[in-house]
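Order of writing sets the labels: A, B, C, D and E. Residues in every chain begin at 1.
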Amino acid sequence: MSLGYYFLLPVIFSFLTPYFKKLGSFTLRGSSILLSFILFVQSIAYTTMKLPQISQFSIKPPLGIAFVLDGYSLLFLLIFTFSAVIVSFYMLWYFKVNPKRDEARFYVFFNMLIAGSIGMILSCDIFNLYIFFEIVGICSYTLSAYNKDKLGLESGIKYLIIGSIASIFIVFAIMLIYLQIGTVNLGLIAQRFHEIDPKISVLIVLMLFIGFGTKAELFPMNFWAPDIYQGSISSVNGLFSSVVAKAYLFVFFHLFYLFGLSSKYMLFVMVIGAITFLVSEFTALNQTNVKRLFAYSTLGQLGILFMALSTNSSETVSGALFHLTSHSISKLLIFLALGILIHHLKSTKISIFGDFKSRFLTIIFAIGFLSILGIPPFSGFVGKILILKGFALSHNYSAIAFILLVSIVEAVYFFRLTAMMLDKKGTKRVVHVGFINYILLCVLAALIVIFGLFPSLLIHYTDLAANALINPTDYLKFALGVGL
Amino acid sequence: MNSIFLLLNILPILFLYQFGGDLHVSFSLTKDFTLSLIQTPLGTFFAYLSLISFLLVTVSQKSKKLSCNYYALQLLLSFAMLIIVLAGDFITFFIGWEIMTWSSYFIISKSNNIDIKSLQKYILFSLASAFSLIAAIVISYSFANSFDFATISASFKSMPFDIQLTLIILFSLSFFTKAGVIGLHYWVVDTYSKAPDLFSSILSAVMSKMGIYGLFLIYGNIVGYQELKIMFGTILNGTDFGYTLAWIGVATSIIATFKAITQDEVKRLLAYSSIAQLGYIIAVIGFGTTYGVAGALYHTLIHTIIKLLLFINVAAIIAQTGKNRFSELGGLIYRTPVSFVMLLIGIIGLAGMPPLGGFASKFMMYNAAINTKFALILIGMLFSGAASFLYCYKLVYGIYLGHPTSKGLETQKEVPLSYLIPQIILALLLVLTGAFPGAFVKVINPILTQFSLKALPYDGVGIMDSAVGNFNGLFIMSAFVAFFVLILLLISRIKSKAKNNINRFDISYCGEVPSKDTSLHYGFGFGTELHRIKFVNAILKRSTATFYDALALQTKRSSELLSRMYYGNIHNTMIIILLFFSALFFIGVNS
Amino acid sequence: MIGLLILFTFLSIIIVALGAILSKDITQSVMLFMGVGLGSVVLFFIFQAPDVALTEAVIGTGLSTAVFLLGIRHTSQEEVES
Amino acid sequence: MLDFFNSTQSIHAIIIVGSMALFFIGFYGIATQKNLVKVLVSFDIMESALFLFFIGLHYKVGLVAPIVDDKTKTFTGMVDPVPQAMILTTIVIGLAILALGLSFGIEYYKLTGRNDISKMNELRD
Amino acid sequence: MSLKKTLPIKHIVLSILSSALLLSLLGLLMQVKTDLHKSVGDIFLNLNMQTATANAVTSVVTFFRGIDTVGEVTVLFLATSGVALMLSTSQRTYAKIIKQDSFILNVGSRLLLSVIILFGAYIIIHGHLSPGGGFQGGVVIATAFLLLFLANPNMDLNHSILTLGESLSGSAYVLVAIIGLFKVNMLLGNFLPHPVSEIGNLISGGIIPVIYVIVGIKVGSEMAVIVEYFVKEEHEKEIENA
């Protein structure tokens, strides 16, 4: 039951895939689903245990590396493992519909992507964090280039080059940290970060900001992101937007609060988040490609999360984490439904929303859009209102006005799609949603509605996470191996 | 299918009636969101208003074969309005508000002559109003630390003046959009005219009243009229705030009335007329005197009844003939006499002529204006009231009088019964409110006490009295009926030989004989030459559409500009990242 | 003495790296990149880091250059970079 | 005069200047080069510059490689092994990225016949 | 070396920018003192005696920071399967080209092959005593295969053995880590006996040499696969224009 299994089980699975493939595609798919299911059940088991949990590797933390699970990472663990289970079921349909020769390798990269992201949120050692950063990087480059056509390869190359630039900056930052503080353990770095000579600490923070900011798609550095979404297949897009982007966001704010940077850089991060939100919502207005449109909407939502998470008040942060969870679920819902649509209508133009006739898909898309916009009965509303309430309590009215105005712009393109779906004129093709997808989309939609009507279940965990994020005292105690 | 939903509509009425005014339910969503429903007199008034109109519209939808989820959405809409009206705190209010928005959005999208542009207009304006509402709620939460109406209104006085002002502006903006005040009515006309025929009756009769309820809630409960008087001071004999609001209302009604006169489409005329009538209510709502609030409430009731009546009537005609323009309709009086009588009663009520309820509410509103000595406002209201008679006449003449323009019209049968029953009930209601205006006083008094205003004196069910004088509704109605019956006998006594041998085309004395199919239906076009009047011409030419289209164009242009940054050349993206790094480096290092 | 040696190797690495970046022909730039690798192997050895020197020699210089050259033979075939 | 160069101070100064110069050559390379292979080369140059910078600054005159053989019995007076362990892993990661990038480049060249990353813009609005 | 190419303004501006960055960064880095805190390395050096491995770097790489190497091995594995995914064309038919392979090259490469493999094996096995280890030795063995391919491009590696070697050693590595959990209640714990007295000779340092041998096999087979894909790929091209 130790935290190490989150990384070691997928590693064993991916090493043994050639043999699963030999035993036939059923065992391959079954074992991949079983793996993600086991990890999901394990994370649910962790919700009942007292946090923070720790599992050490070879020696006690300040010297060795350890996986520490506190409230903040528990929430993300649940999101990641849940999305893994959903997408692995979805892939059953995807590979049944367009069978591919190297399907086994997809499962390798899929499971390692999830394991890497979980590693990123659990590891309490900055160099180990960099290794998982690279694992997630490599998996996402290959997954985005998976179907080897001109678009996929181009997105793979672009993602690789941007990823390598980001990793250069992060390696440089780790080296400077090691030179200054003499260790790579996050607990010790957090303790001694204020002793570094201010100029060098500005440099380190800048390098980490550029490294993780590029990957977490902040404004001046996210010109590459829509191309990746356009080039890769929809289920991979779902993973990118609900798992990978969230992992980088997690690390960005984990270090932001651990190193105590919120006092100096709060305004800067909030302004960058606001610009990201504004620019991506406006560019989403005149998109003709559906995948690019939802990519910009993901960038926009990340912008809001950056704005809300950077405030030091646990109210807003817990609201932002709630919004983050509901955004992951609804974005996963939309991308999976989009995959079905694109498969049947063979085009990724926006007009496909007007050419399909399926009551179930219309309802699913409507729920997804309304939840992202933050319309009452759905979970997005609770998230948005918590964020606004947090901003109001800290009397930050300009942020409230900004979020509301720009989300009207966001409503324009979402409702344009809804209007096209509901429009009865024109030739319509019936889209047949497979049996598996039917259940998956129902589960996701039900989750959105449940969190909308009874948010107290999720708010308990987001409050836990918000407190664990803002004052990581017990995380530091475990990271320093005190009392182990 | 229709009958099941009919029963489902009756259920809430009985449920509400059974509670009798002290319903208090609270359900805690999370630790700091408790949703609560409280039954205030104002709430019950509007609840009964909306539930009864939903019932009547469901009855009228009997003949149209509507799908099950249409009814479900309509039920959800009525449930949402119930939540809004009975909400005890702002979160429930907002949840009801948004569910109302998107459920009505899905109903409107089911109509077959709706296009994406007007759907977008509708949803964007409603969302804009909802977002300004949530902004106001959240700001007030930041000062009151709770969403409950009572605590917020208690802590409202302690807020600094500029916060109070922003709150009032935000709340009023969001409710004005819903009620369709002149600057924000861009969506109203298109949505009402293109929505499914019978649903536009709900739209105009009930949903716009939610905006009015919101205004009452804010000015009456949350801020309180005394607080408004203290905040903004007084002018002549009324409050400054009331005066500005009155000017907005009067402007809305005058402009909307003249716009209504020139419309050719029936439903667009009705849409403009509902904006105009709401303009009256908004003009009077801000006065903060007993007569102001009473007049507004009375006119809300009357307007709902009339708009339901007119829209159902027009919907029936459109369903029957398939045409919705005055130029295509005409001469239906012989074919559908009952609908004509119903429309006639509706017109009399709309124009505010004595025997029917319309006069009572207009009387009360004029009294309010007189009472607060806002002379110009009174003149404006009288002017637009008189002008409104023009489009009432156009409505009657265009559809029923004049000559049938097309062959089909001559063979029309009477409108099916399911349309007529609700119209008859509504007409009876109008007659009752006309005959017994006093009865309404008993309904309004608890609301006035809720707003801590002086209650209206109640002397007899037939008498409505005001500061300046009173009139005995019953006496007028009985005199009118007696006089009407007398003339009816007189006419029927004279063997009306004239009717059957007059041939519609026997107008050869001016030397030209119109052929069989030329339409002699000219009367409806009299709005067109209004342009010659300079003042009216100024109104008709200018429209808010140009402003909003320009706004949409600017956002589109700026989005194209911004999206040019994302043109996919990875080489330049790398350079931008490196430049961003060096810029931050130079700033960071030497700061 | 060591300082001089370090200075000299650094200078040669910088010149070779400049050549690698600016040269038009890709195979030439890969060859010069190998030069940078060799220089860094020498430096690692001076800095008393034999493990890293061996890794850099085998992986950083040996295999990377082999992979580069094989890769180039399929792509631009010594084509002058436009 | 010669031993001026042997002091750790001056060695560290040389290392910092040299490696940072190398780093910014790679920086310039990434900013200007359009060919995929050239970009990967400048990426690798930046990486080796960082390694030199890191290992160099941990070397002090008189310290010995962290390996115990029959001559040096105890682990004292040795260079810090942790940076070497980290650099060892990062070199291998650099190779992995390189091999992956080249395989993408080869497939892309097979489909489009060009290797120029600034011309890759099928993916746009 | 054709250096005389016309530098467009963009290049000049960027070079000025990067040199400006260089100067200000140097100004920054020069006057900063590096030994603010005693680095964790000295603690590892003292701890190293108990792990009974002569090479401190190996003990840090495999034992103290063991999960890094597991991550490292997965990164290499992912890169290999990524390259395999990309370059593996469905029809792996390589017509035997008629270029007659020169006899000298064949014999010479076979002779050299055994020496290189021996050298690689030496580096792997003596990872914990002398510099080198799994990664370096594995890649040396891979270069041996590279040599064979250059000599005789038609050669086919036996894929079943390579995948067997790769997956078994990978799972063995993870099993060693998990056994550590059960035996020593510490993931990647050193459960084999590693007395300090044995520090110099071959069988010393518990699981550290075992890990490095496993890593050596894995890296060797993976790099061989990568090299084969890159070489074979090139082969196909020649057939087209031959």
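Here is the rule we use: contacts are C-beta pairs under 8 Å (C-beta built on N, C-alpha and C of every residue); 3 or more make two chains touch, one makes a residue touch a chain.
All figures in this text were calculated on a predicted structure; none of them were measured in a lab.
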Chains in simultaneous contact with chain A and chain E: B, D
Target chain D, source chain A, minimum contact steps: 1
Identity of the most central chain, Cα criterion: A
Chain pair showing more contacts of the two, B-E and B-D: B-D
Separation of mean Cα positions, chain E and chain C [Å, integer]: 18
Distance from the mean Cα position of chain D to that of chain C, given in whole angstrom: 10
Mean-CA-position distance for chain C and chain A (Å): 38
Contacts with 2+ other chains: residues of chain C: 49-51, 55, 59, 63, 67, 71, 74
Where chain E touches two or more other chains, by residue: 14, 21, 25, 28, 34, 39-41, 44, 55, 57, 64-65, 68, 71-72, 75, 78-79, 82, 86, 131, 135, 226, 230, 233
Numbers and ranges of chain B residues touching at least 2 other chains: 563, 566, 568, 570, 572, 574-575, 578, 585, 589
Touch relationships between chains, expressed as pairs: A-B, A-D, A-E, B-D, B-E, C-D, C-E, D-E
Contacting residues of chain E [partner chain C, same complex]: 1-3, 5, 55, 57-58, 123, 131-133, 135-136, 139-140, 142-143, 146, 223, 226-227, 230-231, 233-234, 237
Chain D-touching residues of chain C, taken from the complex the two chains share: 1-4, 6-7, 10-11, 13-14, 17-18, 20-21, 26, 29-30, 33, 36-37, 40, 43-44, 46-52, 55-56, 59-60, 63-64, 67-68, 71-72, 74-76, 79, 81-82
Contact footprint of chain A on chain D as seen in their complex: 23, 30, 36, 39-40, 43, 46-47, 50, 53-54, 57, 82-83, 86, 89-90, 93, 96-97, 100-101, 104-105, 107-108, 111-112, 117, 120, 122-125
Chain B residues within the chain D interface of the complex: 563, 566-572, 574-575, 578
Complex contact set, residues of chain E against chain D: 10-11, 14-15, 18-19, 21-22, 25-26, 29-30, 34, 39-42, 44-46, 48-49, 54-57, 59-61, 64-65, 68-69, 71-72, 75-76, 78-80, 82-83, 86-87, 129-131, 135, 199-200, 226, 229-230, 233
